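Please find one structure pasted underneath; my questions will follow.
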Amino acid sequence: MIIDCAIYRDGARARTADPGEGPQGLGFAVESLGDDEFLWIGVDDPGPEEIEDVGRALSLHPLVVEDILEPHQRPKIDRYHDYLLVSLRGVSYADDEVETHEVDVCVSARFVLTVRHGGPTLAQARAELEADPERLRHGPVSVLHAVLDRIVDGYDDVAVELETDVEEIEVSVFSEERTRDSNRIYRLKRESLEYRRAVLPLREPLARLVDAVTPREAGPYFRDVSGHLQRAVDAIEAVDSLLDNALSAHLAQLSIQQNDDMRKLTAGATLFAIPTAIAGIYGMNFHDMPELRWPFGYPLVLVIMAIGCGYAYLRFKRSGWL
Amino acid sequence: MIIDCAIYRDGARARTADPGEGPQGLGFAVESLGDDEFLWIGVDDPGPEEIEDVGRALSLHPLVVEDILEPHQRPKIDRYHDYLLVSLRGVSYADDEVETHEVDVCVSARFVLTVRHGGPTLAQARAELEADPERLRHGPVSVLHAVLDRIVDGYDDVAVELETDVEEIEVSVFSEERTRDSNRIYRLKRESLEYRRAVLPLREPLARLVDAVTPREAGPYFRDVSGHLQRAVDAIEAVDSLLDNALSAHLAQLSIQQNDDMRKLTAGATLFAIPTAIAGIYGMNFHDMPELRWPFGYPLVLVIMAIGCGYAYLRFKRSGWL
Amino acid sequence: MIIDCAIYRDGARARTADPGEGPQGLGFAVESLGDDEFLWIGVDDPGPEEIEDVGRALSLHPLVVEDILEPHQRPKIDRYHDYLLVSLRGVSYADDEVETHEVDVCVSARFVLTVRHGGPTLAQARAELEADPERLRHGPVSVLHAVLDRIVDGYDDVAVELETDVEEIEVSVFSEERTRDSNRIYRLKRESLEYRRAVLPLREPLARLVDAVTPREAGPYFRDVSGHLQRAVDAIEAVDSLLDNALSAHLAQLSIQQNDDMRKLTAGATLFAIPTAIAGIYGMNFHDMPELRWPFGYPLVLVIMAIGCGYAYLRFKRSGWL
Amino acid sequence: MIIDCAIYRDGARARTADPGEGPQGLGFAVESLGDDEFLWIGVDDPGPEEIEDVGRALSLHPLVVEDILEPHQRPKIDRYHDYLLVSLRGVSYADDEVETHEVDVCVSARFVLTVRHGGPTLAQARAELEADPERLRHGPVSVLHAVLDRIVDGYDDVAVELETDVEEIEVSVFSEERTRDSNRIYRLKRESLEYRRAVLPLREPLARLVDAVTPREAGPYFRDVSGHLQRAVDAIEAVDSLLDNALSAHLAQLSIQQNDDMRKLTAGATLFAIPTAIAGIYGMNFHDMPELRWPFGYPLVLVIMAIGCGYAYLRFKRSGWL
Amino acid sequence: MIIDCAIYRDGARARTADPGEGPQGLGFAVESLGDDEFLWIGVDDPGPEEIEDVGRALSLHPLVVEDILEPHQRPKIDRYHDYLLVSLRGVSYADDEVETHEVDVCVSARFVLTVRHGGPTLAQARAELEADPERLRHGPVSVLHAVLDRIVDGYDDVAVELETDVEEIEVSVFSEERTRDSNRIYRLKRESLEYRRAVLPLREPLARLVDAVTPREAGPYFRDVSGHLQRAVDAIEAVDSLLDNALSAHLAQLSIQQNDDMRKLTAGATLFAIPTAIAGIYGMNFHDMPELRWPFGYPLVLVIMAIGCGYAYLRFKRSGWL
């Protein structure tokens, strides 16, 4: 669905082209573009026909049309004869799950096409850009920058949430309580992998784009986005590394706790083995066992049992076994 | 066996050369090629003599003939004086096993030779290409692209199946039930290794080919294939990483379960040690044990035993030991 | 807050510009600069307005102003038309925690702006530089070098402290005593990660700066800083590697100790099982058990028990089980 | 010992130089070389004097002579003013051990010197090359190619044997039987390391040689060898990865088996604890224990014991503990 | 302390400059140098003043003087206007410890300064070089080569000793005896890390130096050193990899042994539980237990106990549990 389709001149919105007229309307809009004007077409969750119409009006390569239609593209920046196709994957984080959506930007000297598959609307980016004539004057690349900036800011936001989750996990792992964090750690690792697949492939082509973008005044803005992307990558790598740490710490603690439990149980069983053995001796039926006839034999044996158990108990305690 | 051998002009099949006439027939076909024509020879599971005949007719380098004959080549793209030898390994997935087959494409400005060792037929690729004169007009490289596209699509398909398998394993590993997933995980790791060996070596030469291919209009198509290949590589790397995760999660859970079992058994044995020790005491044969003569001595001791066991049982339960 | 704002000529402080007059004052100072003079503005923990004023006076790019204001930048060196923005993260180490603070340096041929967010003051660097006309004569880059040098020296100091901590841990891990070092190791790993994030991103742009710096006589000084940075990176990588070693050594020793404990307990329980079993036999109530009537039956059985236990005890001792 | 020393022209052996005459003989041979001739000297396990004589006759650099004499060189390709020194390490596999031997080839436009330290003879390579005038016509580099081809084929052979060993190990590890595979796995890892040290350093210089070799017609032959080498490297990396897998699978299974054993033993001991505790109770000597006088007291207790044990046994069985 | 200070011409020592005259003496020596002469100053464990004097006489950059004075430099090769500063770390191995010492070489077309901080003397290198006019004729770089060669030979020696240690450890780990090798392995890993820090940073700048050295005839000598260095790096990487292997093998064996011990103990305790349970039954005081009155009741029960224990013992033996 074509959301907005406007012509810009001199850093300001000049007029709105009516997208309702279909491909012909777009075609007219393109033909009517003055030398210092450019067209920005915003499309949301388009169907195949819509994209094919737009592609025809803008003379896009069939592969570009295919790329825009096909979901789950790998992020990339492809240079065609006189335009650029930028496929991006935005990320968002909800309920411990990283979700991604695709945004394609096709940018030439005369037009820019932004296509959004799911995810938050780009209307705000358009409004902000229209309010900043200085940047809008850079032409279509200013739109590309605005979209990139928004997407990469989303990377930052998700990275911060992942870092917060990791910190929660670390607190839980290193607490004295017995916790079961492993499943959550594994799930976070999976999500961080999803995130990496959305973010990492963009890094290199974006860095290359910084040097190639025209006009040259737009360069620092793209370098700024590239720097933010790099920071997001650093953050996710730190998250990964911390998760690995947290996992091995958790497993180590779990193993120590389980061993402690076993040791306590075994120490307990060993304690009971002492009176059992002594009692066994005086339960024997020998005819001649003088102790049995001693007047204080029984209490004496009870005392001996108590001393034996008590001594063992103290030693176990001192060794940290109980 | 020569499957099809046709001459193309202007994006359409012009005439079929009769491969039945052997090397002479091929030689005549090559000689009869007009300036704007090219020959496409399709060969399936060839014997040495066939390939040598074809090599002689097309003046192929002895090493090319050897490479085509020798099975289990490493995927590669070799540039010869005026043609290119592309060795590919297609993959398929059946019964949890990745299987590979080899496809060699030898492409010059005037001819293209496709040789298939096992795997699915390329007839469909030829049919589709003959139905698309626009692409066929790019000449022999369009055939190379069609074959590459088919093979790389196969990579995608297998990657998706591997990812599905990994998800099944993850569900099984993280379920409450006690499962034995390790062998399946190890087997999947092996298969992913097989897959990598087929896919990874192609990545770099294909990326280089994108910039070098003629005519230049064919470039974006090869870049598209290269992008798909990269996506397949990303996918298999994610599969690998998830398998590692799943394996360590599985082993950790297994170890926790086994420890739980041992703890329960030991706790049970410790429970029985309590009445045994008490009973041992009152089984002693001392002449003077006043409790033995108490009218309620016996039931009292039974009650004490029950309380001791019950108390221990409750503590074990509360500690999660039983 | 503008800390100091002075004009330098010929390697010496020529005059102090009064920063109290606000942006106008700075503007006058810039305009009044002679051909062979440069301005050094030092700012500490600035507010947005201050930075915007300074940016307007020095005609800085809006992105530079934003970068200086935004905390937690990634270390970077960005080249603008006629000046350089260098964002640094200084590190300090207190209470087993690595803390970072940001320093931004904006350097052109005519001015240098140093902005400090937290961390120790740069006044000393200014004093030292003013005392060394030889270096100050290199112009604004000498200020950049002085700041870099100070920051990178801080990297070295922290690396040394981390190495000391690692050595303490190693002594503790490899001592005969039973220690609980894992939490400290994990915390140190986290700190070393923090350190890496502050230090590593600077390495590459700094190495590139070495070749690009003007005047060329300043090159060796920057190479020297770059070498120190590299040494700090080497040190932190060694720390990381040693921590991994120490951790696995600690876990291995812990597991050995726990196993030793369990073995001792089980060996103890097994020792008591011997007299219990023998006593059980002579506690049976068979009418005809000749041993029971033997005059030395009882002491004999006691001796047999003692021998059995003693023999087992010696064997366990010799196997290292007790 | 000089094995063979012949002069070749036009792809055929022209005449044999008599190596018996020592350095003078070789000098004469070199001087007598026609413009389109080259000399091939084959040396086996030479002594220092022999190599020094040859070096003097061919005006080799002292470092070349040293490299040829010194055993256990790292594989390398060194370019001197007008010749190339290629040091290779051939590998062979016997009794689960990778053994290496050194072959040095010194090749200029006019001569080629092949020196073998141990390992299989190169006589066959010479015979094959003399039977193929087409390749021999490429001059001395054809000899270099023949030797390289032979050595790299050996890499392939050993890689195949290592892969077979790994497959045997995998079958053993994943079998139901209890096996002790770890030592063999560790030994194979060591051998694969030895193999890597012989093979890996050659990869990069050989790839560079492919582009630099003259005459250019020889290029594809070297590229072919380089491809084979790459395949051998791929194979050894797969071997390494599979060994790691197999090892961790083996250790995991071992740990599971040992835990199973312990659980069975503990479950057995727990089973016996039940009748012991019950019997203990009826072994007490209280004067008033009514059950003792019941006519069916004894069989009833036996039945209760049997039921208790049987119930526990069934539960243990159902939990997989016995 | 200036050890030796001589002027060389035409590959031979021309005359000795008297270093006793201090900086003036050195200054005269430098001034008196003929066009085809060079000065070699050898300094051992110098104090700050000495180095400052030398630096003034040779017009060295202040950073060079600082680098020479500051201990524990990272190995590096820095190019100054018309000379080169090479900082090296020699290694030696004593009592299972890798020790390093620093050697700095400052080399221009007219002089070479060698400064040694600890470590073995370089006098022998000077003597050898003076005995080889061919190499000495290359000028100051021949001195640099001689020092490098000596240092890198030391790398080789230490690598060989480390490899020997690893082999000893492997024999110990894979022996049938119960050994405690982990501490030694960890210590060796630490030493290998120390070694890497001394050796690795030199690799890249040395490789670059090979192409840049003048005169060009000296190139092969530096390439030779670079190759040796590479071999030392290979060796230490193999050592590292073998240590990792040995460690995990050792830990695996330790865990197996400990489990074996526990199993034996538990099996022993389980054996004793059998007669205890049976004896318990016949120790019950039921009035009517017919077996008690059987004439052969007692021996029969003893036989049953023996059979039970014997059967269990045999089964445990056959399962490898005892």
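Every chain is named by a letter (A, B, C, D and E) in the order it is written, and numbering of its residues begins at 1.
We adopt the following convention: contacts are C-beta pairs under 8 Å (C-beta built on N, C-alpha and C of every residue); 3 or more make two chains touch, one makes a residue touch a chain.
The model shown is predicted, which means the values in this text are computed figures rather than measured ones.
Visitor: Between chain B and chain D, how many steps is the shortest route if every step has to go to a touching chain?
Guide: Minimal hop count between chain B and chain D: 1.
Visitor: How many degrees of rotation carry the C-alpha atoms of chain D onto those of chain E, rounded to the nearest 5?
Guide: A turn of 70 degrees brings the C-alpha atoms of chain D onto chain E.
Visitor: Distance between chain A and chain B based on Cα centroids, please, to the nearest Å.
Guide: It comes to 25 Å between the two C-alpha centres.
Visitor: Could you give the separation in Å between the centres of chain B and chain E, each centre being the mean of its C-alpha atoms?
Guide: Using C-alpha averages as centres, the distance is 41 Å.
Visitor: Give me the residue numbers in chain C that touch at least two other chains, ranges are fine.
Guide: 255, 262, 266, 269, 273, 276, 280, 283-285, 289
Visitor: If we count contacts the way the header does, which residues on chain B are in touch with chain A in the complex?
Guide: So the residues of chain B touching chain A come out as 170, 174, 220-221, 223-224, 227, 230-231, 234, 238, 241-242, 245, 248-249, 252-253, 255-256, 259, 262-263, 266-267, 269-270, 273-274, 276-277, 280-281, 283-289, 319, 321.
Visitor: List the residues on chain B that touch chain D in their complex, please.
Guide: 61, 63, 66-67, 74, 76, 78, 80, 178, 182-183, 186, 189-190, 193, 197, 201, 247, 251, 254-255, 258, 261-262, 265-266, 268-269, 272-273, 275-276, 278-280, 282-285, 289, 291-293, 295, 297-298, 301-302, 305
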